[in-house]
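The next part holds the structures, each set out as structure tokens.
Next, two complexes with chain A in common: one pairs it with chain B, the other with chain C.
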Partner chain A sequence: MIRHFARRLALIVPTLVGVTLLGFILVHAVPGDPVEVRTGERGISPERLAYFRHELGLDQPLWKQFADYEWQLLHGNLGRSLVTQESVWTEFTTFFPATLELGICALTFALVIGLPLGVIAAVRRGSALDYGLIGISVTGASMPIFWWGLMVILVFSVALGWTPVSGRIDELYYIEPHTGFLLIDSLFFSDDKGAFISTVRHLILPTIVLGTIPLATIARMTRSAMLEVLGEDYVRTARAKGLAPSRVVVVHALRNALIPVVTVLGLQVGALLGGAILTETVFSWPGVGHWLVESVQRRDYNVLQGGTLLIAILVMLVNLGVDVLYGVLNPRLRR
Partner chain B sequence: MSGTIARRPPRFMLARRLLENRGAIAGLVVMVVLILLAIAAPLVAPHGPAEQFRDSFLAPPFEQATFPLGTDSLGRDILTRLIYGARLSLVIGAVVVALSLSVGTLLGLAAAFAGGITDVVIMRLMDVLLVFPSLLLAIVVVAILGPGLTNAMLAVAVVLLPAYVRLARAAALGELAREYVIATRSAGAGVGRLMLLVVLPNCLAPLIVQATLGFSSAILDAAALGFLGLGAQPPTPEWGTMLADALQFYQRAWWLLAFPGISILVTVMAFNLLGDGLRDALDPKLRR
Partner chain C sequence: MSSLLDVRDLSVAFDTAAGRFNAVQSVDLTVASGEVLCVVGESGSGKSVSVLAVMGLLPPTGRVTSQEIRFRGEDLRTATPRARRRLIGRDVAMVFQEPTSSLNPCYTIGWQIGEALRVHGATAPSQVRRRVLDLLGQVGVPAPEQRMRSFPHQLSGGLNQRVMIAMAIACDPALLIADEPTTALDVTVQQGVLDLLVGLQRDRGMGLVLITHDMGVVAQTAQRVQVMYAGQVMEEQPADPLFAHPRHPYTAALLDALPERAEGKLRLPTIPGMVPGIDDRPGGCLFAPRCRFTTPKCTADRPALRPVNGAKVRCHYPLDDAGQPTGWTLGGST
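Right, the complex of A and B next:
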């Protein structure tokens, strides 16, 4: 188990270097000199251009620049935003809790609905419910979620007026960020009950929208994994022993069916972060996805480079976590 | 190749199995309709894609026969733009899949044939690409190349690349150990011949499935880029770009939002259903 874990950890290093190299190459492939881009139309004298280029280390050979960049990264320095002059790490940590909160809610929503749906569909295979579920999961998996987000806004916010259109909380409330998670901050650190309710109301639609694709994937995966497991001999044995059908399904079958589902769940995290970019844009949700899209529009390449790197590291860590969880769930993989 | 009575050629088996799958048929029908619409766009579409009718801004759908699905904020017929959009979506899908399939297959075959350091470098590189959420990677690539349809297609092709490389490599490695490959090699066939004429045809099944599914990812991702303002630029009638155009008015004019979105959904779903059907037909072990 420990060896398995150590090997996976060692494999991360070259990938990480590759990720930083890719980011470095991409940002250097941008046409135009960063100094010239910043001076814009006004132009700059050759002497001052040379001076600023020297200041930023742009007159160094590329390999040296890359080595310096890696050195800075190893010291936790991701550079500063070209627009706000704030450090990229500080900005990321400001926006990330919003994304994490939304992501956790979306994944919980997908699990709570998707898992039972998949189990029921597998148990009642061939029923109308099963076909309905297949239909929903095919539709959900093909959903352009930016459009889906706008449609639910149109129906639930604009036409019915049930939920707010955008943001994390009503502008009436100011919540001091203690944890960064508004659900927690508004419940425990605010005297105003309305703040928590407002937070929940703001969360509902983005949660559903971001959770749709994982929901479809989880339901589908659970169904097929359950179908496979339900045909196994040990399930027949359990039934023959006279165990209650619910116990056979939940204890004997579901536990074994969970292994592929956990993998899919892990893979969903990358997709979830991608989906967060669109969901946050649609709902003006102040998270990292929104932040990255804005950085593209402002041509803030430092933010784009640093933010992308942090997200890549996050995805790698989650994948590692899934691998470990895998070993726990499936003892055969421990070797 | 003519089939004998005793043994049908596998191609017909494949078609029969595919046609047993209702989802795949639905996908196929939608695909054919889309292709026909795309080819015949100038004949079928009631108006020109950029033609403006200055006396009918934001005309609602189902009211006037001239604008069956209404008009947008610039007085352009939505139905017409959707039909021309089908053209774009199919072109996007085809270009992206052609690019990522060909480059990916070549890289995968090269990794499998060369082994050693080449294999390690190629596969590590693909691991790096896989670490990024696909849309984020596409956004980064477009941010660097600059927004526009061509760059968006290139970006999506890069994003889809690793799947083909991995599939091609895995399939090729499986084939390389077979007797027929060893026999051809000992008969003196060169690497190029071995790769493309001997091994590749036997690796096609998973690649075809992936290519069909890749079509849907390409259309979806390109639409998302268009929506973020990084893909096709207005006035191009690309479906995602149309949605971005609708943002200002959609609360008053739902049809600006509904129809392009449904077009994306139905098209993506069609290719997904077809891909799933193909996978089941090609690999009966997966069917139950």
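Right, the complex of A and C next:
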């Protein structure tokens, strides 16, 4: 077990080098550089262009730029944004809580709805309910996020006027960031009760949109895992003990079915961060995804490379955490 | 001896893609308290399905019909699911064939035995713990203190079966049903588990239904024997007379196939052919295609279970004490 984790940790290093290389190549493959993008249509004298490029090190050969960047990373330095001059790490920590808050809400939404749906579908296998749930989950899993987001806004915000269109909170309120999580900050650090309600209202649609794909995946996975587990001998033993059906399903079957579901959940976190980029763009959600998309438009190389790297590290850590959780859930792996 | 379990005319059918399959046809099952009933038969003879139907453990595709299923006089067919669950696991308990897969891999064995206690009359944790240790000791699990914290995958099949038995007897059941409890175990530990079951039955005065395909197990344990074939009871009588004078040709053939009885023969006798499957069940006697004494009457008429010399036999020509079919002539006229 320990060897297994040591190997996993050792694999992180080459993966990170690969991620930075890929990030570097992709960023530089996009036409235009930060200087050109900023000068816009007004144009700039060749001398000043060369000066700025030299300033940013863009006149160096690519391999040199990459080597310099890696060297800088090895010193724990992600560099500064070429646009704001703020350090990439500071910007990331400013924007990340918004993404994390949205991601946690979306995943919670997906779990709270998806798990019971999967369980019910498996228990009532072959019923109309089962087929309905399969249909909905296939539709949900194949829904393009940007389209789904726009549709939801059109219906609930524009036509019905139930929820705000974009942002994290109404512009009336200013919440001093303590934790960065607006739900917490507005509830505990603001005297205005409206702030919290406004935060919740702003969260509803992005949560649904970002949570739809994980929800569908979790429901499908839970259903198939439950179907397999319900046919196991130990489930029959549990029934032979005279346990109530609900206890048989939850305590004996679901406990075992959760093992594969948790694996899928770990993979969903990567997909969730990808989905967050789209969702945040659709809802103007001031998170990491929004930040990255803006940086693409500004060709902010350092932000793009640093942000990608940090997200990659995050996904790897989550997957490592899932591995640990897997060992906790499955006693057969412990010895 | 008072009657514990009375099952009359139990039939179980499964709806399959190929049509309806009658796994069990019109089976009667009675067990008195303190009695050991062995149900023997080949694979697919419906012995497991019939007890699972009584326990209410069949998958939803199984259709159960019966004239009567009573436990201590209480009708299980009309009992509410809740009332039925109170009986099952407490008064009627069951041990299965595959001990390791019959235990939940995610929980310790101590927890799983304790659950049986907690569900039927929750007791204080310390009391449950003491009871679990006591039970593990009774079924001969060494070092129960440590074992109760083990997971099923950390124990051998034999130990797991002892754990299953501990779980089954946790609530002092009046009736224990053991479905091939030793089949999946190593030959070396089979005897130990069998001795444990019979010992517990004797000490506690439980009724015991032992399902097996092993005539050797029957000879060691049974007071009464029910021989099943292709979903029907072929013969039923007390153990000693059954071994001395089997009345049904199928029973006789099963006994002939015992190695102990084949002394002096060059080859071990076998029963030719196979148990009929879903769609090749004959119209007459189900055993007719494999029977030595088959006549046209056998293939045309399905015999009923009828009393013969203290036994119940489903045969047109039950065997006499010399092992010859009575009223049988070649060609089948009587």
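For this structure, a couple of remarks:
Just so it is clear, the second predicted complex is superposed on the first by the 287 of 335 C-alpha atoms of A that agree within 3 Å, B and C clash if a C-alpha of one lies under 4 Å from a C-alpha of the other, contacts with A are read in each partner's own complex, and residues count from 1 in each chain.
Assume contacts are C-beta pairs under 8 Å (C-beta built on N, C-alpha and C of every residue); 3 or more make two chains touch, one makes a residue touch a chain.
Predicted, not measured: the structure shown is a model, and the values here were computed from it.
When both complexes are superposed on chain A, chain B and chain C end up sitting side by side without clashing.
Shared-chain residue A:R239: touches chain C; no touch with chain B.
Of the two partner chains placed around the shared chain by superposition, chain B is the only one that A:V27 touches, whereas chain C remains out of contact. Annotation: apex chain A, arms to chain B and chain C, angle 80° (C-alpha centres, rounded to a multiple of 10).
Within the superposed three-chain arrangement, the count of touched residues of chain A is higher for B, of the candidates chain B and chain C. Of the two partner chains, neither chain B nor chain C is touched by A:V328. Taking the two complexes aligned on chain A, the least Cα distance separating chain B from chain C is 13 Å. Note for the complex: chain A touches chain C at residues 232-234, 236-244, 247, 252, 255-256, 329-332, 335. Partner chain A is touched in their complex by these residues of chain C: 55-57, 85-90, 93-94, 96, 98, 101-107, 115-116, 119-120, 151, 153-154, 164, 167. Contact residues on chain B toward chain A in their complex (touch as defined above): 23, 124-125, 127-129, 131-136, 139-144, 216, 220, 223-224, 227-230, 240, 243, 246-247, 250-251, 254, 257-258, 260-261, 264-265, 268-269, 272-273, 288.
Against chain B, in their complex, chain A makes its touches with residues 14-15, 18-19, 22, 26-27, 29-30, 138-139, 141-144, 146-148, 150-151, 154, 158, 227-228, 270-275, 277-278, 281, 292-293, 296-297, 299, 301, 304, 308, 311-312, 315-316.
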